[in-house]
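For clarity, chains are labelled A, B, C and D in written order, and residue numbers in each chain start from 1.
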Amino acid sequence: MNRFSFSHEDVSGEQIRRLVADETSGAYVAFEGWVRNHNEGQQVLRLEYEAFESLGTKEGERIIREAEQRFGISTVYCVHRLGKLEIGDLAVIVGVSTPHRGEAFEACRYIIDEVKHRVPVWKKEHYVNGDSGWVNCERCAAAAHQHDHGEH
Amino acid sequence: MNRFSFSHEDVSGEQIRRLVADETSGAYVAFEGWVRNHNEGQQVLRLEYEAFESLGTKEGERIIREAEQRFGISTVYCVHRLGKLEIGDLAVIVGVSTPHRGEAFEACRYIIDEVKHRVPVWKKEHYVNGDSGWVNCERCAAAAHQHDHGEH
Amino acid sequence: MITVQIEYFAILREHIGKNAEEVQTEVVTAGELYDELAARYAFPHMTHMKVAINDEFSEWGAALAEGDSIVFIPPVAGG
Amino acid sequence: MITVQIEYFAILREHIGKNAEEVQTEVVTAGELYDELAARYAFPHMTHMKVAINDEFSEWGAALAEGDSIVFIPPVAGG
């Protein structure tokens, strides 16, 4: 299994833990993103994730290699769900084992921050009121103040 | 169930996730401490944890209340194993759900750091070579340079 | 005149109503191709778009070649 | 002369060979009681000990009272 992958089926935290477990690691940190029942004041019913999978897989693998270069990692996996998700479903998981716990926290956070920013995944939310919409990236508001270029 | 507790039975990450899951939280961070097969150059066979349970439970609950005051937490649980453990067993777990992921990482790390420092738990390691020993606290070496008092 | 393959995702796929198409164009760069298609299909106004050529991120000023595979990448929203 | 209850954990429990005992003493503070028992049982040398009185962390200079429950806390090693 690739360290970064997309899945069109349910993913469980237990699957990732089993992949990451090894006898030399004392520390395991996992991040899970769950589908919330609300976003920016709207009641969410369900959502869909879509990805540019070929480039996304390469970019995810690059992020994991960067984390391995920066931190002392034993084992790491990241899986991003695609397709239709319901409230409470796991949308993304990063699991990292390390000899020392500080690096497990830092590596896990580095990976999820970079994945959310760089991997081409899009989210369409369906709301209780019948509306739906594609959600914009989380750094766009901040980035808009920093750049005048990039208008396309 | 108390947010901080000791357990004399196996604990799974899945149990904690189920306790912490709720529909308003988008982020879940879990830390697990696993029994490693080595420590400071010695091959570890198995180990035992022992606690001053009445005070430890109170101190653990205090740490969780501190984390709630500092960070925007939805739900949090921490369980520390006691008794005999084998290589790979889960020794301690902290699970935190929050609306935003930054606080989940920070709260989880705060709790495990404080638990390891303040909750009265002791670890006896049994080594492959037949030796065994009680392991000293992880901040003792650093603390020894900072304090001249406290000799007892 | 060159022929390139374009794949559409997310809001662009829905807006245009197709996943992919083959396009013939006289333009030189990826940015010019975006502008040409944005005018043709009346794309919704979007900022901070990225572009990929042949499955790698590229620059808007990159020159296109016959047979390139192009993806316009709206702002992402993973996890 | 007061009577206090002492509970032993970890290295102290193993060293002394019992979990708990009732002790009669003439000393005033928790620190003095530790020194008295360390001498009686030849405790291994340990630094950075803490003490709890009646299930709460306390100071070494705290005065003991009849019936107090005392725990000497070696350096911890959780997780």
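Methods note: a contact is a pair of C-beta atoms (placed from the backbone, for glycine too) under 8 Å apart; a residue touches a chain by one contact, two chains touch by 3 or more.
Bear in mind that the values here come from a model prediction, so they are computed numbers and not experimental data.
Across the assembly, the mean Cα position most removed from that of chain B is the one of C.
Per-chain Cα centroids separate chain B from chain C by 50 Å. Averaged C-alpha coordinates give centres for chain A and chain C that are 25 Å from one another.
Counting partner chains per residue, chain B shows two or more touched chains at residues 33, 112. The multi-chain contact residues of chain D, meaning those touching 2 or more other chains, do not exist; every residue touches at most one other chain. By the contact rule set out at the top, the touching chain pairs are A-B, A-C, B-D. In the complex of the two chains, the chain A residues touching chain B come out as 12-14, 17, 21, 23-38, 87-88, 97, 99, 101, 104-105, 108-109, 112. Across the complex, chain D meets chain B through its residues 7, 9-11, 13-14, 31, 34-35, 38, 46-52, 55-57, 60, 71-79.
Across the complex, chain B meets chain D through its residues 33, 49-52, 54-55, 58-59, 80, 91-92, 112, 115-124, 134-138, 140, 143-144, 147, 150-152.
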